[in-house]
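These are the structures, in structure tokens.
First subunit A sits with subunit B, and in the next complex the same chain sits with subunit C.
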Partner chain A sequence: MKNPNIVLLGNPNVGKTSLFNRLTKLNQKVGNYPGITVEKREGTLKAHNKTYHIIDLPGTYTLFPNSLDEEIVFQILSDKNNPYHPDLTLVVAEPATIKRSIILYQQARELGIPAIFVINMMDEIESKGMQIDIQKLEVYLKTKVYKTNARTGKGIDELVAAFPQSPVTYFGNFQIPATYSAALDEAKRIFPLATEYLTWQYLAQERISSLTAEQQKALEEIRTKHQLNIHEMQKLESQIRHDAITEDLKPIIQKAENKKLNNTSKIDRILLHPILGYIIFFGLLFVIFQAIFAWSGPLMDWIDGLFADITEKLDAALPDGPLASLFIYGIVAGVGGIVIFLPQIVILFLFLSLMEESGYMSRVVFLMDRWLKPFGLNGKSVIPLMSGAACAIPAVMSARNIENPKERLLTMLVTPFMTCSARLPIYIVIIGLVIPETSVLGFNLQGMVLFAMYLLGIIGALGSAWILNKVIKSVRSSYLIFELPTYKAPDWKNVLTNVWDKASGFLWDAGKIILMISIVLWVLGNFGPNDKFYKADEYVTAMKPNLEEEQFDKEVASYKLEHSFLGYLGMGIEPFVRPLGYDWKMGIGLISSFAAREVFVGTMAVVYSLGDEVDIEDDGQKRSLLDKMRSEINANTGKPAYNMASGISLLLFYAFAMQCMATIGVVRKETGSWKWTLIQTLFMTGLAYVAALIAYQLLK
Partner chain B sequence: MQNNISLDRLKIGDTVKIQTIDSLEIPAKFFELGFYPGSLIEIKHKAPFGGPICVNIIENNSLIAIRKSEAKLITVEKI
Partner chain C sequence: MGLIIQYIIIFILFIGALYFIFKPFFSKKSNSGCGKGCSCDVKMDPKK
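Right, the complex of A and B next:
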């Protein structure tokens, strides 16, 4: 028998994730639902000699979907063939907003879903000055009601003990208004097996992806025939349920003055203040970026040193040969190049999840909506844009809770402009090469250029949004409605699991690509299409017969690289990148960094250490990548390859270009459209090319 | 009646009762988060330069923010 599915359903901010963490004791994984990137949290729990499969659904206020997240919830609950369809649903509520949760509970039961009711955050009943008569509530809901406090673990054992029981059969509270009975009867003929309420739901939703095209068409015909307005139907249901519950709950729940909201109001008076609120928000942003750069420094140095040690030891221990070289300089160095980002990713997500957990993130949405709206974005775009400073992949995914399709699309299209952490090492290397290390007005010039690069990312994002907003026509009118939860001390368990998920996801997903690219690059650099590569010494001898041994070895190495697959590839694109001031070696870097931007630096290391291999052995010393790159001469111009003009050009190229395969993949998945993905890639790369071209031609 | 006014024109601290929610365009989500005809709400915060408006839905004690453009479509009665 398959493991029973236990599904957690509830409003956002009721502590559902904390409960999920308690139940699964962190035996959990985060992935995506098949085909779409809505975050799927699932885990296991062993009890009653069974292994339960626990699924944490995205938070939702109702079964009528407004966003992709909420569509998933309806699909899982309505479709018996869905692999996540619940054997038991835990409807999770919190005391203050219990009415909303009861509506959700009733909707689930009337769909025909077995469900029990869980009141989480029981400690808040008192602090919110409430009294709930649990026995009466159980009678009313026709189920047992469980009380938990997921933060302390209180009530969890009792809840788990309830898993084997199946709730009593349920009869609906919601009387579908008589005006709709004709339409409903017709719809019932399409779905003979569905409950009446499920049929009503089908009728009152615009598009249900789990239904066949014919069923959808039949529903549409009924809607047209009876002139049904789905918004009206949904609102009517909401109103009827609400009125009934308000009346029914009077003897069950007593409320007094809310103390909790008083504290929240006091904090909000400062954090949402028209002036102070913005100062605090930008101050916080400043602190976050400081932290990302300052705190991560020592850790990154440590990782850097660690991998340098490993490489050195391996080099000494392993016999010389192509395989050892691949392992050390391809694989180990490649892994080192990705692990080094970990401190920054961890710090960023630590701050982001603290903001989310404490309730501050919705305040940011509140403060920023006004300023993003003119660009066709939405207050909620702040989260993807800010996360974009770490990595565009989770950032694009986080756009899914934006309800308006156009605003969501725009957000996803412009998020990759934000300076992600993968671009940082490129910037640092190039800035280190071409920008003098002086102070201007007491500020470090290199630091200022780096800051300017971040600004450029933001300008690129907002500017493109502004243009695209003029071009794209909106189907639905834009609206924004969101809850500002009461402030809470963050649940550290949630914060830490979230950071762990994001960091390990980044490490794993990016790591796979880096490793692949490292191997491919190594192969391309160590093999050639013709015997100019394999018999390089003969060709060099024929051309320059009178070289000294040292000079001869250098010539052979560079001749080999030039005639390797990698060399031909780089030379192939040279005509395109020459106007930007790059030579073929930099061309190789551009090609390989398309796989992921962070590959650029690694590739440069491979390219130049290949070129300087002999040099290093002869001199008996190792020089850092920076030194190698600094001494590199562009064969086209005879000037240093990395001078001010080509450096700025390279910086601009990386600032705007869609230089990341994984992001393209995610955008394709999220938009569900190759058209927009291609438009985005071409737009960004075109902009990058033009900007780099202009900069180089002006500066050279 | 003098007392009927659209939600966007209220001041912070005003407590009002929702009378009608105008447009068919307003999604059901507004209802689900507590904007029912008859609900009591208090204006808590307003973002500057015509930004969102944050109200307290008194019966849930929850803070909900909406844009000014939607607030215009909600008629309330001062009490």
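Right, the complex of A and C next:
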């Protein structure tokens, strides 16, 4: 016999997830609903000699879907064949917003769903100045009402004890207006087994993905025949329910002064102040930004060192051969390239979870929404955009907090434009090469150019969002609904669970893609089509017979890279990069740095026979790389390869191009779509190409 | 392990990695309804 499904249904911010965590403890997993990236939380609970399958549905205000998340809720509740269709629904409410939760409860019951009512955060009832007559409420809702405090666990045992019960039959409050009777009667003939309210829902929604094409068509014909306006129907139902419930609850719920709301208002006077609010918010962002950069630094260095040790030990332990080399320098190095981002991801999501849990995130939306709205972004987009200045990978993942799918997608598409830390080594090298070390108006010119590159990242992100906002449209019309919840102390269990979910999701889902690209790039860089690759030492000896051993090894590495598949690809793209002022050596750098931008510097060091371990922070090594690059002549033009024109062109290319496979992997995971990942890569690289082309052609 | 066998394994891994990266482009799975992640709710505006 199948495990009974128990689903948690409720508005956002009612403590539904805390209750879920309390019920399932560690027996839970977070994934996505099949084929989509709506987060699915499910777990198990053993009680009454059964294993209950607990599902935490996305937070929703109504059963009329306004987003993909809400559509999932309706599908699960309305479709009996859905694998998550509930045997029992726990409608979770909190005292301050209980009226909205009762409407949701009534809608669920009228669909024919067995449901019980749970008031969470009962400890706050006094501070919120409320009195609820539970007995009267039970009579009104035709079910027992359970009172819980998910943070302390109070009331959970009583709730679990109620799982085997079957709620009594429910007859709803919502009387469908007689003007819709004819249309409803016709629709009932298509769905003879559905409740009247479910049939009404079918008529009042634009599209129901669980219905067949014929059923959808038949519904559309009824709507056309009876001139039904779905928005009018939804509005009418909300109005009727709202009016009825306001009257019905008068003898059940009494409200006096809401002390908690008063405290919240006092804090909001500071945090939402037109000037102080922004200063505090940007101050907090500064701290987050510092934490991602500074706190993660030692951990990242430790992980880097750990993988260097592992590589060294494996190198000594495994027998020489191409397979061992692939394992050590392709697979282990690939895994290292994924794990190294973990500290940044953990730190960022720790802050984001704390902001979300405390209620501050809603204030961020309120503060920033008006500034970002003209670009098609959301107030919450500011978090991914700002953290993108450290690293696009955790930044793209943090866009998950944005509920509106279009705004979430736009944010993910433009966040990689922000100047991430991986661009810094390239900027330092190229600026050092082509921008004179002089002062302008008392400021260091190189520093000003570096600052301009950061500004360019912001302009690139906002400008692209503005353009993409014009060409991407939402399938369903959307409006922003959000509430300013009362401030509360974060529930650490929720915070840690959330951080763990994000970190493990990144390691596993994005990690797979990054690892595969690492293997491909390793093979391309370590095999060649002819003898020049496999007998590089003989060719180098013939060309330069008097080299010392160390220099000979570097020359061989350079020669091998030139004649690897990767090298030939670099030469292959030369006709395309020549108009940008690059030669084939830079072409190799461009292709290899597709793995990660910072690889460009290392690759150029190998191409120029300096070995692959140039430390850009070491002044001596940096100088030798710059000297070598300065003396390099572009075979196509006969001029220095790195002059002002090609240098600016290269800076612009790296400012805009999507040269980071880890970001591609994360975008693929978060959008659930290769289509948008490809569009983003082509858009960014296309823009980079055009900007670099214009700059080179104007400056050469 | 013989060199040839090592090359064969590397070749299989390489092809496997390429297949993993590119298989979604050749997938015949229907993308109708909500099968496209968070981008399910958006599409390119045909008028632009």
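Going forward, the second predicted complex is superposed on the first by the 437 of 700 C-alpha atoms of A that agree within 3 Å, B and C clash if a C-alpha of one lies under 4 Å from a C-alpha of the other, contacts with A are read in each partner's own complex, and residues count from 1 in each chain.
As a working rule, a contact is a pair of C-beta atoms (placed from the backbone, for glycine too) under 8 Å apart; a residue touches a chain by one contact, two chains touch by 3 or more.
Keep in mind that this is a model prediction, so the values were computed, not measured.
In the overlay built on the shared chain, the residue A:Thr264 is in contact with subunit B alone; subunit C does not reach it.
In the superposition on chain A, contact of A:Pro322 is made with subunit C only, not with subunit B. In the superposed model, A:Gln239 lies in contact with subunit B only, and not with subunit C. Looking at the shared chain after the overlay, A:Pro545 reaches neither subunit B nor subunit C. In the superposed pair of complexes, A:Arg408 makes contact with subunit C only, with no contact to subunit B. Touch criterion met: A:Asp369 reaches subunit B, while subunit C stays clear of it. Contacts of A:Pro192 after superposition: neither subunit B nor subunit C is touched. The residues of subunit A shared by its contacts with subunit B and with subunit C come to none at all. Contact residues on subunit C toward subunit A in their complex (touch as defined above): 1, 3, 6-7, 9-10, 13-14, 17-18, 20-21, 24-25, 33-45, 48.
Against subunit C, in their complex, subunit A makes its touches with residues 35-38, 67-68, 71, 209, 321-323, 326, 405-406, 408-409, 412, 470-476, 512-513, 515-517, 519-520, 523, 670-676. Here subunit A touches subunit B in the complex through residues 61-62, 64, 66, 96-97, 99-100, 103, 128, 229, 231-232, 234-235, 237-239, 242, 246, 255, 258, 260-261, 264-265, 268, 272, 274-275, 362, 365-367, 369-370, 373, 379, 403, 477, 479-486, going by the rule given at the top.
Contacts from subunit B toward subunit A in the complex involve residues 21, 24-34, 36-37, 44-52, 54, 56, 59-67, 69-70.
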